[in-house]
Amino acid sequence: MVDLKPILEDVSSGDLSVDTALERVEGFTRVDDFARFDTQREGRNGVPEVVLAEGKRPSEVASIAERALEKEGRVIVTRIGEETEAALEEVASSVDYTEWSERSCIMVLRTAEYEPPQVDGKVTVLTGGTSDIPVAEEAATTAREMGCDVETVFDVGVAGIHRMFAERHRFATADCVVVAAGREGALPTVVAGMADAPVIGLPVSIGYGAGGDGEAALLGMLQSCTVLSTVNIDAGFVAGAQAAQVARD
Amino acid sequence: MVDLKPILEDVSSGDLSVDTALERVEGFTRVDDFARFDTQREGRNGVPEVVLAEGKRPSEVASIAERALEKEGRVIVTRIGEETEAALEEVASSVDYTEWSERSCIMVLRTAEYEPPQVDGKVTVLTGGTSDIPVAEEAATTAREMGCDVETVFDVGVAGIHRMFAERHRFATADCVVVAAGREGALPTVVAGMADAPVIGLPVSIGYGAGGDGEAALLGMLQSCTVLSTVNIDAGFVAGAQAAQVARD
Amino acid sequence: MVDLKPILEDVSSGDLSVDTALERVEGFTRVDDFARFDTQREGRNGVPEVVLAEGKRPSEVASIAERALEKEGRVIVTRIGEETEAALEEVASSVDYTEWSERSCIMVLRTAEYEPPQVDGKVTVLTGGTSDIPVAEEAATTAREMGCDVETVFDVGVAGIHRMFAERHRFATADCVVVAAGREGALPTVVAGMADAPVIGLPVSIGYGAGGDGEAALLGMLQSCTVLSTVNIDAGFVAGAQAAQVARD
Amino acid sequence: MVDLKPILEDVSSGDLSVDTALERVEGFTRVDDFARFDTQREGRNGVPEVVLAEGKRPSEVASIAERALEKEGRVIVTRIGEETEAALEEVASSVDYTEWSERSCIMVLRTAEYEPPQVDGKVTVLTGGTSDIPVAEEAATTAREMGCDVETVFDVGVAGIHRMFAERHRFATADCVVVAAGREGALPTVVAGMADAPVIGLPVSIGYGAGGDGEAALLGMLQSCTVLSTVNIDAGFVAGAQAAQVARD
Amino acid sequence: MVDLKPILEDVSSGDLSVDTALERVEGFTRVDDFARFDTQREGRNGVPEVVLAEGKRPSEVASIAERALEKEGRVIVTRIGEETEAALEEVASSVDYTEWSERSCIMVLRTAEYEPPQVDGKVTVLTGGTSDIPVAEEAATTAREMGCDVETVFDVGVAGIHRMFAERHRFATADCVVVAAGREGALPTVVAGMADAPVIGLPVSIGYGAGGDGEAALLGMLQSCTVLSTVNIDAGFVAGAQAAQVARD
Amino acid sequence: MVDLKPILEDVSSGDLSVDTALERVEGFTRVDDFARFDTQREGRNGVPEVVLAEGKRPSEVASIAERALEKEGRVIVTRIGEETEAALEEVASSVDYTEWSERSCIMVLRTAEYEPPQVDGKVTVLTGGTSDIPVAEEAATTAREMGCDVETVFDVGVAGIHRMFAERHRFATADCVVVAAGREGALPTVVAGMADAPVIGLPVSIGYGAGGDGEAALLGMLQSCTVLSTVNIDAGFVAGAQAAQVARD
Amino acid sequence: MVDLKPILEDVSSGDLSVDTALERVEGFTRVDDFARFDTQREGRNGVPEVVLAEGKRPSEVASIAERALEKEGRVIVTRIGEETEAALEEVASSVDYTEWSERSCIMVLRTAEYEPPQVDGKVTVLTGGTSDIPVAEEAATTAREMGCDVETVFDVGVAGIHRMFAERHRFATADCVVVAAGREGALPTVVAGMADAPVIGLPVSIGYGAGGDGEAALLGMLQSCTVLSTVNIDAGFVAGAQAAQVARD
Amino acid sequence: MVDLKPILEDVSSGDLSVDTALERVEGFTRVDDFARFDTQREGRNGVPEVVLAEGKRPSEVASIAERALEKEGRVIVTRIGEETEAALEEVASSVDYTEWSERSCIMVLRTAEYEPPQVDGKVTVLTGGTSDIPVAEEAATTAREMGCDVETVFDVGVAGIHRMFAERHRFATADCVVVAAGREGALPTVVAGMADAPVIGLPVSIGYGAGGDGEAALLGMLQSCTVLSTVNIDAGFVAGAQAAQVARD
């Protein structure tokens, strides 16, 4: 939200009309009658417009993506199903840069003019197992699009803990570490006990029976005896964006 | 339920036969052997016969719709799946007015003779996001069919709270406000802290991981620090009917 | 929240200084460094300042109550424990009007100058059992303090449903009906099937074993086949305030 | 389980060989290597062999059904999916009597020689709504196959409670009443407050959002202020068999 | 609920005044302004007035007990805490017969004139362990007060299943069997596989950790592969009353 | 349960009377009318009679303990509260050997004649934190009383995983390892990834907020990517007895 | 994890280079960039590399299987879906020994050179019902591949408990007993009360309504009054591997 | 965990003995036989030794505190109950600096020699209500002890959202913002939509009924439409330490 005081002062001094003042306070762009997106956030904290496709109709996602490209020069779409992917292919055909990951169902579109941000910050993303990779990649792509240097290390879970020890130099130099894990979700705790940088736990909806679908992993991260914060199950975008915000500081 | 006393008095005075008295007490219409619907409710509180298609067989829904049209001149059917839609198309072919929303899976049928009610009351329906629209539309259609003036405002959730502020004049004049929201479901609380009219929270089954499918939204509305009442997750019809009952008073 | 536009216009025209404009936008009063309460809500929607004592220290509650009396002329405190009651007795000694219900742990304090509001609206509060009375009384007191005419009918639950039928004339004339029920919580559904006015379900934390502590009652109200909205378990204040808002319209 | 003492006495007296004694103690029939069914239960408490098809492979269900027909002359199969139905059609082609309900997914097969039991007992099965009928029919078929006189009354739920009152003579003469209800599941409580006979609650997996899939209904029946016992959600067979056991006494 | 038809006929014929007709329809007795109890239930299904003390104030319980004694000649009070016990001692001092069980917190009061019912029916109550006894006794007392012959067998749980086999003659002759069990709650299933009479499962809030407080026991009874119905955790009164209703038929 | 066949053969051959045969089949000892304990289990699988005091009255515990001492020469009582401890002190005054742990609320009593078993097997018990020690000690005492060599290692949880590595020689030689952990409960997984012997997870009711009271620990052990089995939260006796059974093989 | 001390000593004495020391400490093999598997576990505790196909892409599973065959000479893959089965058929075409169970979705592949282990230990696997067989077979296959002698006994659940008694000689000689059961899951408790060997409960996701999908079974095993440990719902591999570890000792 | 490679190299070169190498790898200090704490963590990531008193005996807490003071010169103890407070007062009597907050149950002890760290970083801690203050203070104290500049703003929750807007300049300059909120927990979402710095949600166990005790707050934060990470309910220490780690970067 914009700071009201300077706007009020400008209105008071006559430097700003009432209508323009209201427009600035609003600070969003309408997409037809079903969406309005925030045009100030990226400037503020570096978090780009990301469209969660799940729960929206393919045509809605495409319209929002088009408007975002127009306004921002880039859009990231996550959790893309088959039909939405088709709808986005059309949007993609008119832009310069498209990155599509079938495994993590994420698409990045950029116009030719768009200049990706670059910040001084390194994020390392670890996974406990092979099945955690799609979610981890959502986090990695997000942090990379926010300008960070990103490194990924997969399948180093605690069941054979020597695998993680062998890779500890890869998170030793990070400014923020994201640790994705399903099942018992113990890897973030062990990493947080060893890392210098802040650790963000990213529970993954892997596992069956009691505590399955990421529940045990989430609860284990919340109960961790070490210092770490967590995000929701499969919330790769949130983990990646938070990590980039931390790393860029 | 009819008031027993006058019926008893009429029976006592001989103005009413025992059989007719029983019929009045019953006050419902049978549909074959599997359904009986209430023929007194709409006169009583303005809530029309609404058929929830989910869990019923298409042929059952069609039969109930036909009988309702015959008795009431209008029927509203919600949560219509593909097969049921086909079955209703046939019923629709013999009536004068059909309104079908593919997005919210709701159909309104009216005979030529039917005169829709009109009450003096305005209901505003807000949504936090784009994905909440189908449920919000179920509420809006219901309130509109009950005779209210209905306005909708979509995608004004709290993550970019300035979007909602810019639209607050649209619920300032409402007699009742319905606020549909999934994910963290915080919008009804913020609106209830600003609105003059009663607010009804309508949680939507949007969101993943812990608290997903509307659970966090429902719990957040129940825990709200402001004054608001709530309905079940995705219960668009209930929210709309309750809002219309409040607005028409 | 105040409407920004007229304030901006007054600032623009020079009729309002920037500082006063900010003050109006803030619209709250500080209590030491630990609380700030809303001084505009009652004027807006009739909901008075109510202090939830649970979770606050007795001295904090007393300070907030004193400041509220000073600013508003009345304060309502709910969920008062033994120690807090003692702390409030002192505050009470300096005001003109005190109403203390040991059963429902609620206290109303008013200064001599305070003139209670009066609105044209009737609220009927029903309970399923004897144990639901304390929560029902919290709702009744709230609606009464908001100026409504309030009637209560206790112990008319569905296990012996003829008890409720015998009292149905008492909610027939209400503008809003609050139905408090624990255990299986079926009374609001039956009442909503019979009442003309909107019904608000108020689940009560009565019951043991599976679904105890009001869980079955809350879920039953959310699942109701009739039209009703609900509030959280034991949320007597919310139910009463919402009912009064509905009734006064 | 057979009474050990007389068998021991017969062994002691030489009237029974050790091997035959063991056989009697076993009291079951093997179906290949994957099933063994109880050949003494029906003689004991009247409950027939019922095969739950869900979770078994179609060929397994058919084999068990064949063996049961051979040994008992009748078999009841519940929760039949499409493939299993096909497999059973073949078994059905070689028996004299087949009863197949598509709505409730239940099949009864009897050989020509089989003489259905007849007991002196009436069971009434009520449902709250139209969607509860399939589960109610599973209960009704079971009780009927156990020899009871069974009556069904559908769609008399509490939202329009006058519908149930109009039919109360139909459960007034029952020896046991089964009440099937989804959503808020309040009907069993109201019926148990009015019936002379024992009432068995049968929650149905109807309803959405919080407390959906029968959860609210089950909890409401467990919390009921009246006297009733309950069975699991959708457990039509258990409710019908228990009712028949109660009614036949 | 009384049958409306004959009352209507009597009103019609002039044999019954409107006021008396209403009174009969009401069929309850008021206790001050906080309770009204059902004066027709015992005549109807044999279930006596039982007052659940939990959640009521001691003075309320005493008042209800007094009124019930006056009207019915007997009252049963369950879940009596220390303070309520003291309040009831006074009521007890003026009646002829008092039975107080400290272990199960239940009190039975009868006036000198009261003649306990006697029905032809036997109920056997089993427990899995020693800790289940208080709840089992609540069931036993209830069935006994309803006129049944009651036998109890304690501590025969499935961990040492030979203990139960040695006592199986004690439920072989019952008309209804109540099986109380905490922890894994498997005893009702094993008994229902062996008994001729209907079995009612009574889960007990014994057990710690996951599934503790009777949750595992309740779920296990609901999931039972045999035929049994169940009541809520610790609902000794409900189990006993239902068993007596079944046994007396 | 005894093997029926040889008993039947002995009865057949006249070597055994019917009454003695029944007694052997029963195989338990009665304690007044409220308890019966298994006199064959220890001979069978080495698990001694252990009395869970929680949920039993002090006098009941004392009576069972006395009878067990008489029959078995030893008794172990767990989860002893203050009053029960007093009751047991009296029983203890008449025996030769008493071991009382205030921290883990466990008491072992032995008569002078009793000879503790000795088996060839080592059990190592680890804990994640200091707060897990009481539960771990219940496991250790049980295994020790069953004749095992028991070693304990405390406070070696995964937050500082080097603490555990420094002690890994202490479980390298065990025949079975019990790992007690609360909070996120990750230690059993890490140990199972390194140990040669079977690992039993023992979740402890330590931790607050979501997943507290041992829930996250239990779920994490059930979801473990390694091979381990688990027992319920705080079930120290079960873990210890199972470990001793495994170790003694 | 390898013992650090001897490696450090060898490095100290010059017998081991730093690089080789690190390699030994790592002790895993990489599969492309998405997996690394433990090459020391089988030598340590006999548990073979088992690939859980669920959650991995078919091509990933095939690659891991190929690498494992190369390194270990055998691989076991569980929870194989249709597409993965096709991918594995190709891998299978180049090895000497393939065992594929459609019912339990498990595949064992061995090269010609591979010599299966043989240990001295017997594991008996029991199931409560027919539907529990697929999970039980996963346990049986795992224990058999670890070199144990395995016996299976199906459909002996507690509803007709005589079925299990007739087969008790089949687990009397086992070194470890696995008991798979869904629904109420009471069989492990009854078996543990009768067996000499340690019992491992294996809950199965069979059952509907409350406590369905194995929840009641799991909770019942955790709450068992006997001594048994448990694994997660449907965790056949874990139960079989733990049983083999116990049996081989 | 120390980096193994240089230690191995030093051992290889003879610069380090095997025993010293092991000691370094261990890196912890023993407290009697029940605790061992990490002596390297603070140097690594700035997180000080914090003792969670809950679940430990007072004497254990005091011993650990003493040893920590000896080794580190400072100790922070959280969740201190009455008895533990008394035990710590004695420890406090021998140190130079004691800070005790009765409201948040936290104590900081420092020796005279101890020099508190100072980092360049600002943390702002907000609360939604007055009841959230104790948990917020735990976070604030932790961040302050880690050397950050800390500002607190209380009672600015979303029900009267203008209160928060009036204070937004206080988090505009922060390097990390901690937002503590109970009830519906919406404040972190609104703040994260407006702040430039990373936001950490801290749910507080305030609230009653469904979603009470912080559950709705936690779920709402996990479901937030904005970018924020969260910690467990009431985990003030974790939030404060994570915030300080982020701020100091």
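Quick notes on this one:
Going in written order, the chains are labelled A, B, C, D, E, F, G and H, and every chain counts its residues from 1.
We take it that contacts are C-beta pairs under 8 Å (C-beta built on N, C-alpha and C of every residue); 3 or more make two chains touch, one makes a residue touch a chain.
Note that the structure is predicted; figures quoted are calculated from it, not measured.
More C-beta pairs in contact connect the chains of A-H than those of the other pair, out of A-H and B-E. The chain pair from E-G, D-G or B-C that repeats the B-H interface, sharing more than half of its contact pairs by residue number, is E-G. Centres computed as Cα averages put subunit F at a distance of 37 Å from subunit H. Our note on geometry: subunit A versus subunit D, Cα centroid distance of 53 Å, whole angstroms. For the pair subunit A and subunit C, the distance between mean C-alpha positions equals 41 Å.
Counting partner chains per residue, subunit G shows two or more touched chains at residues 1, 4, 22, 25, 38, 41, 159-161, 165, 193-194, 209-211, 215, 218, 222-224, 232, 235.
By the touch rule above, subunit E contacts subunit C in their complex via residues 1-2, 22, 25-28, 33-38, 41, 54-57, 60, 64, 203, 205, 214-215, 218, 232-235. By the touch criterion stated above, subunit G contacts subunit H in their complex at residues 4-5, 8-9, 11-12, 14, 18, 21-22, 25. Residues 128-129, 157-161, 183-186, 189-190, 192-194, 207, 209-212, 215-226 of subunit E touch subunit G in their complex. Residues of subunit D touching subunit B in their complex: 103, 130-131, 133, 154-156, 159-163, 165-166, 182, 206, 208-211. Taken in their complex, subunit A has these residues touching subunit H: 1, 3-4, 38, 41, 44-45, 47, 165, 168-169, 172, 175, 193-198, 200, 218, 222-224, 227-232, 235, 238-239, 241-242, 245-247, 249.
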